[in-house]
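Chains here go by letter, A, B, C, D and E, matching the order in which they are written, and residues are numbered from 1 within each.
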């Protein structure tokens, strides 16, 4: 007894999720029917599923489809989803080698990966706070488990546990925020919320503030903004490098998609109220992220702080809150995703079963032992540091342009200075790789073709977007027009 | 054509510098000498041509190319020959050639490469010196000005293994630099105010201006230029480098530090006569400084025991004379003295060189004596030189020095005249002290002594280089001292002739002369031709106006003939006085150092403090060292450098370390306890909501 | 009738209690329980609002929230079990190998 | 044409990457390839010069390709006299740098050559850019190869120096980035479209108080690069630790970017603020002149000495710029070239010495004149050039600068002139201690004199040093037009008011929404 | 009137129970207390005439979920907090944490209440309009408006399933 409003077309927006989800199911079943010791190309399956998702997303571009009234495949959502799927694809590419090396259960891994993608895409396209919340939970749960995918390592489980506990904690606040929103506006649909708030934006209503504050907490946690960032270093360090790469990009992208939708669309009328708070958070995030990163001697942990800082830069774009800002966020997300994936991919490829080899000293003289990987990693680090001619620079430039054009000179200055500090710790890695003698510990590990290829592709993309960013910039600019 | 004059020696320099070490001595030395002789010949030709021109139009300018242009400021590289520079180039090339020839013998014991290096420097020096005097603008002059400084640096430090030598070279260059600093400032002042640095242009621009009776821009420029001159020409306070410069080979001292380079300052003032004429106060300063220097150096020279140092101080003293002349506006007289001085001072140096050469590097006159019979040529020529510088009538020095004194007196600077007179007394005295101690009396010398002995005697000069080469070279036994070889003798004799005759071209009226030189030079010191008409146009020009000054300052020398009788009488009396002084000095010297040598010693003993002060040159070097050099060095090392690494750089690294400390501090917050993390989340929430409700 | 505010305040208090518990307790399971308390508080709010607005959405959302809570609890407990295997303890402070 | 100048070295670098040289057996080939590329580059720059028309107004060989149209960013390159000279300088010094490292660099020759070529590309790019965005990209990109050059092939303290160099320079330049963005934004407010084209931005009327801050940001970036007095401390470290080639390029070209930036961007874009700040900067420059000289005087390390002397010399350049008249600026531009030649050469020679003895301490040498006369001669000539002996390149620049400064304010010159004395003091003192006196260390007796390759590297520098001194107009003429236009722009404003109302009351930091309003007010 | 009393009874009991959950050292008791508090809350649901939710609350929460917790407690069998031996290692010593916790919680309450009190239209009674509670209405809305969310939940449960199984499983389990 489906209502008349249902027809085939109305599923369109959900197709990408269906692809990914179906892929997840297939992998799961394949795994469950797998005989012991039998090898299955599960990675290939996952890759195909994600590729299909990507294709379906491309079909949705510019269509502005809506399904069930709660899923809108507008360009914004599609753009972010594409970033997410890209992250997924790279992760799969890197995983193939890492999994068997570290003895990680492939079936569960890929299943969770795909489901996580489903959740992220759901967040990116959600037009309803509840759906947003469910998507967030799907994503989170999957990622929690992936963090602890190495059951045998205490670090992994501990990271997973911290991530989970704080995540649940934060999502409770988030939910509470939803509750108040619902209370005020009588609905969870973002469009209705938006129109309702716009109608009575003038009247002082503490409950709205309450709702905003709690929602901010929820999102800020997911994008690991100060002071809700504490989980990040531990989770990133505990998780296998591939997973870290995935969650540091996919989760951020999805969370920011939600952030933008809720605050730049629904709560836009109350900008004057949330902008100052977010400004402070952004500044704190940039500063803490970079400054504490300086003191890190562990590469993954260092990159965790760097990703915190990058969250800060993205927040700057959010605070700027003008057309530039929105587009900047999208572009930055894309660039950051590729760069970070490359970095973590390199780390993952260099690890070994016994030790993750992510101590700073494990990279001593890497340039001598494996020049190509070192070179690629270097490019990724430079891009993270925002040095031209890499995408990292363009992204930063875009964000700060937005900030300046909104008059936030202070944020821009803090941003650029903190980026200088961040360059310092990226350079420490470079120093290790190039300017110190090989440490006896690191025996060269074979690097598989797939991973290396993916790395090369990522680096190529870094340069391409760094030198000819126009296309992507235009796409980003085109995507933000459509957030109702 | 003019360009060839400096270019020939320059070519010689190039040849010797590039392939010199592969050439035998005869070739490289001969080449250098030929270059000099060639440019001497050309100079003579050019001067002839110049002389052919009308007195007012006596100037040959040869533009080469535009050196540099910046905005409205353009600077041409051009050479300019006028009576003044004519005199200079003749002196430089002429005496220069002689000294080159002399050197071929003097430096004969050097290795081929060193020999070539020596001559390349010498040629380079000549080239720069000629550029200096021929330059038509302040900057072109400055090129030569610094260039000769460089060459003197190289030549003083020629025996670079000797620390004293290289130190002396460095000292010379740096002290000169201090002068150049002022010089450049003056040049800039002129350039910015008149938009040109061409001598003509400047003179033409300055001439119409009123004479500055109060200290103004012109005076400033003049003063700065003069300070530059004190550096180059070893006047108070920058004279300290010259005595040390005697570390160089003796011919170098003769050429650079007696005849030519050190007179550049005098030349420069003469060159800018119009400017200086407009700054009477500066002229006063110049006169006083000159006189003071003359006296000071004379007193020091009285007690020095190093033959070359005595000559060096006498040079400083004579330069003082020249500046005195310039200061009283007797430019002609100054240049005249410059010209004569070149002859006899070069002669004296070369003579001393011959002595040193003969004595295997011995320079301490206390170890000489009785050389008269061993070195007759040297002796006689040296004697001529001494007589000339002492101002014995009939010799070159007499005329020029006498003219200076006369001009000083005539221009009313009685005090300065007295100083000058005393100085000339001193001059005569110490010169003949030198003569007697060196050539007369009994031998106090056992040649060739071991280098060590000489080193103990005096800071170890050319000794080591010479002594051993002599031992191997032509070993002359204990008493077999040999007189100057041919090449040296020629130079000595020619210079001696010059020292006798040179004065006569400036013979003043009272002695039946016409002061031809003064007449020749006169136009140079006046305002350029264009200004002349209204300058002499009316009979009684208003007092203080420019042409009048030209009259009584520059003009006096040449129109002396046409003046009234008592003027002549005065001049004659003064001549008498000065010649009297000369003989007095000589007599005194003879009495003390020939008859009663014990008197000198007893005097030295009774006046020990004075004697020591004089011996130590009034401790000026020590004072400079203590007051300027050391403090600056200490300040830089212990003050600035510390500050640089400590404070300036410390600030930079401080920022870094602050960040690092914050990092470690914040890092400790990451306790690893999930409850603490939850706490921070909760705190965040509370703060956020708090912000909303209590803002 | 009971005013809406009362329900909200009750739920607020519950929520605060739960949130405080999360970082007071030193037993992983109790901490999970505290989170459940928070979720319940939220549920109460939802229902109250929904009732006040006279719509059923509130209750439906609550139903979903319950599902979510269950799922979270499942995963959470699994993680706790896994943790416990590594170090025979339920004290969160026992797991601070990742820090600084 | 210009694009080729940027692309060619990059292609060369890629070509080298292609050469399989893991075991360093093909080092020779790599070296020759790199050298060939750089020589071709030099030829191209000369060709450019020959095609350049000194009389023409504005930029030449301009090439504009829209790049990021959304922000009016275009790949815009072009040259005027000033940049032409510096481009030629870069092209000239790169082969010499490569030559200088022929023996001294033995490990990772391939990467070394690649980095040098990339560096050249970036340097030339900086001088060619007419678009602030492009300029900034090159400006920062240039740091990377230099960082590696210092860090990998440097001396013992290399890592510290490299990181310091990079961070210090970046710290300055990022603020400039903010200012650049601000300019673009103001333009968009005024005209409705973003642009980073300096010619368009130059037309923008920026309110004095905005100029104040933007100029500060620009000036800071450039002052650090120059380096101006209080910001100079990265220089000794970087210079001393860098390999010879690095020092040569660092001293020869990189330092000029700072002064170039002042002339090309900071002063023309914000004339009012420039007029307001010029005296302060001039004072800093003068302090730098004397200070650098004094500190250089007491350095025990030859490279440090030369490094501090660069501080002193660059102070002259900045002084000339701050004079803001034709003579001063032309002198400054000329002095950039002169300093590039003479100091680059000095680093070259010092590098040769330290290659032979693996020490740079002056006290380790002495009496080398007898041992290696050729090298001594070269060193002496370069020394004379750097102390500004008339007839050598140093003099013309210093004279013109002092001329201009004297016009601006004689007091400047009275102090700055002391630098002339001091330069003679420290350079000659070093020269004396190294080359004169007896040979103090036995191992010095057997040092070989210049090899043919070193000779080939040294002679061009010396020859040029002399030629520049004798015929400066060859180098002055092309720059005249450009300099004049800059000066006219400055005069135009300076004759107007501004001096007082430049000072801002508040920096528009977080003033979210009123900034555009104010900017709009400024737009007109 | 009685309604009001009932409300206060329910809510008071719920709060007290929850508080005791927090301050209880033995997890076992905590679980049971929490069940109690859930019961009270479901009572409040009934008052808000949301019987469906009230029932679900009892069944799902008190029934299923808490049983799960009980299993966990039994399985891990840690009746008491083993505080002492870890406190030494811990920077923030007990009972400081507790104090801070209470403080923050109180602060949060104050803020929330403050905010709520400052909002208007809250003193008006919860309405009685519409057939808010009927399961039919709930079902209709759920499968029309919330259809997608419903589907999504399935994915969520699937993930939880996979994850839970995987993590709780022993290494040698496969």
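In this section, a contact is a pair of C-beta atoms (placed from the backbone, for glycine too) under 8 Å apart; a residue touches a chain by one contact, two chains touch by 3 or more.
These figures come from a predicted structure and were not determined experimentally.
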So which chains count as neighbours of both chain A and chain E? B, C
Of all other chains, the one whose Cα centre sits farthest from chain A: B
Kindly indicate the chain pair that has more C-beta pairs in contact than all others. C-E
Far-end chain from chain D, centres as C-alpha averages: E
Identifier of the chain whose CA centre is least distant from the whole-structure CA centre: D
In whole angstrom, how far does the Cα centroid of chain B sit from the Cα centroid of chain D? 39
As a quick test, compute the distance in whole Å between the mean CA positions of chain A and chain B. 80
Cα centroid separation, chain B vs chain E, in Å, comes to 103
Round to the nearest whole Å and give the separation of the Cα centres of chain B and chain C. 98
Residues of chain B that contact two or more other chains, please. 667, 670-676, 678-679, 682-683, 685, 689, 692-693
Residues of chain E that touch two or more other chains: which are they? 90, 97, 101, 104, 108, 112, 114-116, 118, 145-146, 149, 153, 156, 159-160, 163, 166-167
Multi-chain contacts in chain A: which residues touch at least two other chains? 130, 134, 137, 141, 144-145, 148, 151, 157, 160-162, 165, 169, 173, 206, 209-210, 233-234, 295
Kindly provide every pair of chains that touch. A-B, A-C, A-D, A-E, B-C, B-D, B-E, C-E
Under the stated contact criterion, what part of chain D meets chain B in this complex? 164, 167-168, 230, 232-234, 291, 294-295, 297-299, 325-327, 330-331, 367, 369-370, 373, 384, 389-391, 396, 399-400, 402-404, 406-407, 410, 413-414, 417-418, 420-421, 424-425, 428-429, 432, 435-438, 471-473, 476-477, 480, 484
As the complex stands, chain D meets chain A at residues 67-71, 133, 136-138, 140-141, 143-144, 147-148, 151-152, 158-159, 162-163, 166-167, 170-171, 174-175, 177-178, 181-182, 184-185, 188, 507-516
Of all residues in chain B, those that touch chain D in their complex: 65-73, 113, 139, 142-143, 145-147, 150, 153, 157, 160-163, 166-167, 169-170, 173-174, 177-178, 180-181, 184-185, 188-189, 191-192, 632-633, 635-637, 640-641, 644-645, 648-649, 652, 656
Show which residues of chain B lie in contact with chain A when the two form their complex. 659-660, 662-664, 666-667, 670, 672, 674, 676-678, 680-681, 683-685, 687-689, 691-693
Under the touch definition given earlier, write down the residues of chain E that touch chain B in their complex. 90-92, 97, 100-101, 104, 107-108, 111-112, 114-115, 118
